[in-house]
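Presented sequentially are two complexes of chain A, the first with chain B as partner and the second with chain C.
Let's turn to the complex of A and B:
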């Protein structure tokens, strides 16, 4: 069991920003929300999926929307808990745990806020092992977990409850309501039992966030390169992950818009030492990185992260700005995220890109 | 009690097209749906609000969407009944009657289809006394009837259930889902008891449709002018309604688009005898008529109808086409639709128009 404290909070939210791969919104928001709960003396229990009992019944909670909106209209803990209670009411069964749908960004911290409010423990497992922009992009679907009922709620406690024929259709319908709720809404969906959690979720991603945050902090304290420290850490993890620095340079141009409930755009980078240029497209999260308009260097579901060149601090797509000195790092996704069925859910073509997935190691 | 038969069906749907004031979709669709039920021997009971018992509990059922879409993707009786059953399930109480939310277009016929499928009687009362494009534009809101729960359903039996803070917000949220469901969805909302029906609904509008259809048919058979026949009929009704022929001419131009779940556009008419021109704007229904770009001749909530010059057949906004010879008729709305609160709901400013309401009689 991990316990979140005021001391390890910053490392945790830094790690969630890294796993956000650009998406999930400013980690500062998540940090403030959790700090508020911890300062009130609330305890947040995080339990490993290895420790869960057979009667475990967990609900995924999240904020849907564009990260550019999250900064102004922050996710709401109490309404999120209300959405979870609504799911209980509909299915007629109480939850005894909470799960994050994704490991990155505000959606990695919001379940911990709901835990503080409800006393329910959070299971250290999620459906993405990173952040993805859409509801159906979860490994739960590799195991055919039902997304329904989907409860969407806004700050007025107005609710929209969906019963969709599949998670893709649930995403399609709910996103429209999210936009009309102001570009962000809170949600509860994907009720899951112990077997489903053990078999379809990606395990120990909350722990991973703590570790990543700590690795960056330690490197800074030891005056070593935090970017290389993360790559070394990932390569030594079990199972080992491939890590690469794809690019080092400054932001030369940025096209970013909040469109249909997403933050979409293109990031243009220029090397400081050579004529090399990099293009990275994003839909909330970075979806691929291309060198000199011809060579793909990384793509979803492998993780692409933008880090401050000096401090190694992860930079989210809503925080990008002209002139920033950044390093682009890529980390290979776990094997559960690279199966045929998983790639159908969140490989390049699921993002509307016209190329197939090639693993980071082979690029 | 009125009984719908294969003999009076055509008159009824013609009347609903008239009260549709341009909106509500092609009456042919509604006619086919009801013909199908009647040919199977189904009985449809229509009861006057004066006859209803104290324990009456009725649900409004409808199709939401753009009339241009209704023609290709027709409203679905069984899903509409399913939506009604869903409302029962949520509130834990069975309905013993059905109501049309509006008196015009397909939404005046769909409740009768649901009646055929369920055996529940239809109450001859509605919330608009005509057709209006949006959910909150009902006289029920003059009496503070709760719109919730709002159940939206599509042909896949996917549902979206809204609990909104007011009917305007319900419209705003549900419309987005309607668009994503393909520009049309079926709905059940505004559960109402006997007192609410008696006090806030507009009474005997189904009867009015039968009568209007019959008046037009009789005039045709007697080789008299069907347009003048309607005006005479409305002026002699109790209480008397003001009726005017605003314009006679041909369609000179037409701008029409299906946008955000509505059919929106402008209709340009030219007189055949003079240089007079008329502009009529529409959002599903005709919202105002202006002569020679300066003089307003009629506006919501008064009824503006386009009739075929020869036959008096009502023409819906989705059926308008270049060169049609038409007469524009206006009929005054009933007094319940002209109160301050009612005009806030469906007067010109509720349609985004920058002028206040002036009654038809004063223009």
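Let's turn to the complex of A and C:
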């Protein structure tokens, strides 16, 4: 069990920003929401999926919407809890735990706020192991976990309930309501039992955020390279994960456009030491990285992260700006995210890219 | 003719300018009452140049007084914080991110009331006059004078903030109110933070600006005076009384712009070597390159655009140590005590300045005091200092190309010869008063940060509207129409939204003179 405290909060949210792989919303807001709860004396307990009991019944809670709206109209803890209660009411069964749907960004912190408000523990497992843009992009779907009922709620406790034919359709319908709710809404969905959590979720990703944040902090204090420190940490984790610095350079150009309700964009980097150039495309999160217009170096679902060259601080796609000096790091996704069925959900082709997945280790 | 003044933590510098010509520059000590330092510097410069105060067209002052006060938690006021947002934002109450000490000083007086807008301009909470009147009465009962008003999405519609301010003012005629839409950009918490910071400095701002004003009256200077703000543009002194927070980054901005002017380079690296620290920054097209990561001031996050600087502990007062031929310079420094504690001034501490004098790089203090220093120590320290500066230059560089390096500040004497990575090393005349020169050269600017719907009016029309709004704001700020140009254009689509909503940030600037 891990307990969130005012002392480890900063490291945790820095880790969630890393796992946000460029998207997921401003982790600063998540940090402030949690700080507020902790200062009120609330306890937030995070339990490992190995520790959960047979009768565990958990609900995924999240905030859906535009990161740029998040920074103005921050996500709401009490309404999120209300959405969870609504799901209980519909299915006629009480939850005894909460789960984050994704490990990166604001949605890694919001479930902890709900935990503080409800006293329910958070299970250290999620459906993405990082951040992804859409509701159906979760490993839960590898095990056919039902997304329904989906409850969407806004700050006024106005509520929409969906019974969708599948998670992709649920995403499509909820997105439209989210826009009418002012660009963000809070949600509860994917009720899961112990077996489903053990078999379909990605485990210990909250712990991973704590560790990543701590590794970066330690490296800074010891005046060593925080970026290399993360890679070394990943390679020594169990099972080991491949980590690579893909590129180091300046942002040379940045094209961002809104397409079908998402931020799609291209990030062009130029090396400082050679004539090398890198292209990274993103749909909210980074989807692939290509060197000199020909060689693919990393792709979804492997994690691609942008870090400040000096401090190792993760940078979100909304924070990217022309002229920034950044490092691009890739970390291999866990094996549960690389199965055929998982790749159908969030491999390159699920993002509309016309190539198949090649693992980071082989590139 | 005009005067540029830099009121720093240690020194108050003044220059007198005729158009783009530097006539004369002086340095004097900063005083407790800041106006006194200005009187000393300006009367000195007027006397030396025999220029009459009547011939002056304007005075421009750059100051770090407000930044220092906030960072040191000194001279701050209790603030009434009114947030128009309910039921949104309740998960993050005001000042969550402030230190306990700051929260104690600013107090715990906040109200989150119904109000605010959605990203597309629709109403969020139901703003009501009755509710605001209730708050206004409570503020008056608590006798709070400094008031901060923040409203969700006020950068796209400022109306609720203005209506609220009017009502509060009615019940509290003496109050000094800051509205968030006048302070910051999209990013609610950061904007609210800056608004609260601004309110907390309200009393100090009044005192400092009054002190500046009185100094100018005593000097018999009747022309208008301006204060430089974060991005190198100017505000009239009376506006600064209400917006001290907008001066927070003006110190480094002025030194970099001054350096660019003195050297004639629009693209260069600026190295400002002071008494305790050295700042490295980049000038791009005559303006300082801005920081990419959000900037904390005194531990509080703001979304101000700040120059992208790195700072190292190296300056004229840095202590030099030699342990087993391992020479260290700084970060510890004798600071403003250089003139009593260093060897050349009869003290017993070996400083970087002592080494520079021993090497013959400059001539001040008593050279005889350092005549016995070991030659190897002198040479190796000079090499060490050079290496520290070269590393700093490398860290801020855009690419491996050689670039001009401009050295400013009193500590520029520490550098001998060329520097690696530099196309040329320039130590311009008057480099010791570059900050004051930067203040005198400021421009007027206008900024827009709003969300547009491309689906409704199209991309081209949106950008054109944003540019025109920015240009109009620059005109209002005093820029000459013909000289105005757009220096920043940033498009941020709102992720996940299918309505083609895009956030546009545009900045226009122009010359004042």
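Observations on the structure shown:
As a convention for this text, the second predicted complex is superposed on the first by the 358 of 363 C-alpha atoms of A that agree within 3 Å, B and C clash if a C-alpha of one lies under 4 Å from a C-alpha of the other, contacts with A are read in each partner's own complex, and residues count from 1 in each chain.
Just so it is clear, a contact is a pair of C-beta atoms (placed from the backbone, for glycine too) under 8 Å apart; a residue touches a chain by one contact, two chains touch by 3 or more.
Keep in mind that what you see is a predicted model, and the values were worked out from it rather than measured.
When the two complexes are overlaid on their common chain A, residue A:67 makes contact with chain C while staying clear of chain B. Of the two partner chains, neither chain B nor chain C is touched by A:294. Using the contact criterion defined above for the overlaid structures, shared-chain residue A:340 touches neither chain B nor chain C, since it reaches no partner. Shared-chain residue A:250: touches chain C; no touch with chain B. In the superposed model, A:179 lies in contact with both chain B and chain C. In the superposed model, A:40 lies in contact with neither chain B nor chain C.
When the shared chain is aligned, chain B comes close enough to touch A:161, but chain C does not. The partner of chain A that touches more of its residues, comparing chain B with chain C, is C. Residue contacts after overlaying the shared chain place A:169 against chain B, while chain C stays out of touching range.
The intersection of chain A residues touching chain B with those touching chain C, taken from the two complexes, comprises 156, 175-176, 179. Against chain A, in their complex, chain B makes its touches with residues 156-165, 169, 172-173, 175-177, 179-181.
Remark: chain C residues 85, 87-93, 96-97, 116, 118-120, 122, 124-125, 152-153, 186-189, 284, 289, 292-294, 301, 310, 395, 397-400, 451, 454, 490-503 touch chain A in the complex. Of all residues in chain A, only 23, 28-29, 32-33, 35-36, 39, 64-69, 71-78, 113, 133, 155-156, 175-176, 178-179, 182-183, 250, 256-258, 260-263, 270, 272-273, 284, 308, 310-311, 313, 315, 317-319, 321, 323-325 touch chain C in the complex they form.
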